[in-house]
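There are two complexes below, and they share chain A, which is joined by chain B in the first and by chain C in the second.
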Partner chain A sequence: MQKIKNHLKKTLSGVVADASHDAKSMQEVLVIKPEHIHQVATILKVELKFDVLIDVFAVDWFNKKDTRFEVNYLFYHTAENYRAQIKALIGDNAKPSIDSIADVYGSANWAERECYDMFGIRFNNHPNLKRLLLWKEFKGHPLRKDYPINQRQPIPVLDEIL
Partner chain B sequence: MKSNAAQQKIHIEECDGNEMILNLGPSHPAFHGAIRTQIRLDGETIVAAASEIGYLHRCFEKHAEQGNYQQVIPFTDRLNYVSSMMNNVGYCRAVEDLMGINVPERAIFIRVIICELSRIIDHLVCVGTNLVDLGALTNFWYTFNVREMVYDMFEKISGARLTYSYTRIGGLSRDLYDGFMDDLKVVIKETEKAVSDVKGLIYKNRIFLDRTVGVGVVTKEQALDWGFTGPVLRASGVPFDVRKAEPYYFYDTYDFDVPVGEHGDTYDRVAVRMEEIIQSIRIIQQCAARMPQGPIITADPRIKLPDKHEVYGSIEGLMNHFKIVMHGITPPVGEIYSRTEAANGELGYYIISDGTQHPFRVRVRPPCFYFFAAYEHIIKGQMVADAIATLGSLNIVVGECDR
Partner chain C sequence: MSKQEIVTPSFGDTVVTTRIKSVLNWARKYSLWPMPFGTACCAIEFMGAVSSAFDLSRFGAEVVRFSPRQSDLLMVMGTINYKQAPILKKIYEQMCEPKWVVAVGACASSGGFYNNYSVLQGIDEVIPVDIYVPGCPPRPEQILDALVKLQKKIDPTAFVDGLNNTYQYDLK
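Showing the complex of A and B:
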């Protein structure tokens, strides 16, 4: 475990802005810039053997002026029983976007689609970036803090999915 | 609507007479819940598939941000409605860990028992319905009889049969009823009988073997890549169990095994679930033997409503009561990712608190979501009937998948 920790710090030292240990969640938390995410994910998968991407989700920090959106990635290392969380802070508030890691981790595919659906964060190079839980006529992104909870929406139409 | 119908027509014409498009779901008894997979068939072989979810979406995560921390608990019932207790426990544990609350031992032991009972009924439902899809109806009665008994117990504990909302932040809503341990013994005996009956009916059954061995194979590498956890991952040969890897609630002190499959096919997934039921029974027995007496909810004044005689008899009690009722529970500013081993795999809650009474963000990591994301890849090249067998063994619970 210590070996991975050192390796993690060494290999990612160039791209990690901030690193800390979250004792409550029992995992390492690394803060990176969004342009490095594909590189970091590849290092985690290939060099450090983090074999499971547990989850991808976004957070809308409505009050933060420069970095409103944050995409979180939870990784798990089955052999060493070790967890790491990557936080990518997205600078562009109007058109948030980040590179997709669906080609590195298969589980990112739908998880990133959900982030796009709920927060409107675009994932570049995603194989199939469409709404996942909501229908395509839906306007807006409901988990953004400025989306009113009583907003009405157009009636859904069945979609061709194949 | 019209343009969609026209599109569909073009697609079918493109299939040069040999291929056809078929919708599995969103409303079909063999598709457990409102999920839709569109498949392209060559004869009876699936050559392409695409899935769609969202029919049961109610934006749990947005709802959770509206109320206070206690008000999220009833929403969690609706996630995995086959084993609601585990969602209650997972959520409460996340908030407790965020606030640093020590839950009384008795509450923890009761939580473990109800969690393992929930795991048993979840697995029984999964195996039972999966076997019905394969035409083995008798097993359905064996498994659902036990489930009914557990439901009766849960009804006596919490007052509800499906949506329990039994746990509270810091403990439980009420203690066990008198005679719970006697009921538990009967249920365990009946469960063991049901499991051995079902095993006897299926394990050497030629039809069952033909339908499940080598069907819906998920290799170890695929399972890890697709983010699988729980029994489906273990059936593929990875012995990852949150209860063993990151023990919580004294799971490290119980003597139990983690069953692991070899081939990752439908047969292994059924067998792993059957074996996990036996292991859950072992945990329940040890837990019941060690059950301590004592309070069932923490005495921490930040969350516990003071006793009535304190509210009416002292100014501190009255003020504390007012504070909790009016302002709710206010965890300190912070973030936590708390996970428990639910029946389907790792159930994670990522909670962000901004110091107010409303959660800033509640993210659920649903295990089923990742199973169903991979489903369209698993069934490629299989027969339609095998796709149904595979789906049943993955145990997609749509309440959790769609949230």
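Showing the complex of A and C:
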């Protein structure tokens, strides 16, 4: 584990803005700029052999003026039982966007769609960026802090599949 | 000459005269076929209500069917979210007339404590409801009570327990 830890720090030293170790969840937390995410994901997959992307999720720091949204990626190395959390801080508060890593990790496809669904973060070059859980008439992104709690949406019509 | 005077000499007291409507309603209210639409913990309470400790069959609603086409009482038990609402409506439309709906529990009646973007605020937004059962989840006795109230709603001018006083049931 120490070996991969050193390897991780060495390989990513150019793009990581801040690194820390979260003892509670036993994983490395690395903060990067959003434009580096595809490069980082490729390095993790190809060079460091992190074989699983567990989840992609966003956080809405509503009161932070400069970086309201951050996108988190949880990577897992099954052979070493080792985890890394990549945090990308997104500068654009009005139209948050980040590159998709669905071509590197297949599981990012749906995870990024859910993230787009709930937070409205656009993933550039995503193969199929549409809502995953909510229905297509839904307006807005409900997990954003400025989504009104009482706001109701039109009742969806039945899909053709039924 | 009244009906009584015609019928009684021929048949004695072996004949009861009534109306077709009353007989039909009497048959309907004591042979309700419930269809459980269970999506949450209220459905577990329904299992308690149909099994031996409480026994829904004592009130005639014994045959629980899992097809809307074979049932006339839709029991909606649990949280219904917006994506499920059209499915519930479709199930309701597939049931044959006459049909009744019981909303069991706080979620089916009003959305319960789920005041958010995804949960329907009561199933009466999509289908008509006859009886609302409060509780989170309600006790099986409340489900039995809902059934008895529904029976009274189906046949409001029924005889009570063999007594000859007809009454109008107050649904309040």
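Brief remarks follow.
Please note the rule applied: the second predicted complex is superposed on the first by the 156 of 162 C-alpha atoms of A that agree within 3 Å, B and C clash if a C-alpha of one lies under 4 Å from a C-alpha of the other, contacts with A are read in each partner's own complex, and residues count from 1 in each chain.
FYI, contacts are C-beta pairs under 8 Å (C-beta built on N, C-alpha and C of every residue); 3 or more make two chains touch, one makes a residue touch a chain.
It should be emphasised that the depicted structure is a prediction, and the values quoted were computed from it without experimental measurement.
For chain A, the partner that touches more of its residues is B, with chain B and chain C as the two candidates.
In the superposed pair of complexes, A:Val157 makes contact with chain B and with chain C alike.
In the superposition on chain A, A:Ile149 makes contact with both chain B and chain C. In the overlay built on the shared chain, the residue A:Asn72 is in contact with chain B alone; chain C does not reach it.
The interface of chain A with chain B overlaps its interface with chain C at residues 134-135, 142, 147, 149, 157-158, 162. Of all residues in chain A, those touching chain B in their complex are 22, 24-27, 51-55, 57, 59-60, 72, 74, 78, 81, 85, 105-107, 109-111, 118, 132-135, 142-143, 147, 149, 157-162. In the complex of the two chains, the chain A residues touching chain C come out as 134-135, 142, 147, 149-153, 155-158, 162.
Chain contact summary for the complex, chain C toward chain A: residues 82-83, 85-87, 89-90, 115-118, 120-121, 125-126.
Remark: chain B residues 1, 4, 7-8, 11, 21, 36, 38-40, 48-54, 57, 59, 61-62, 66, 97-98, 222, 224-227, 229, 238, 240, 245-246, 334-338, 346, 348, 350, 352, 361, 363, 365, 369-370, 373-374, 377, 402-403 touch chain A in the complex.
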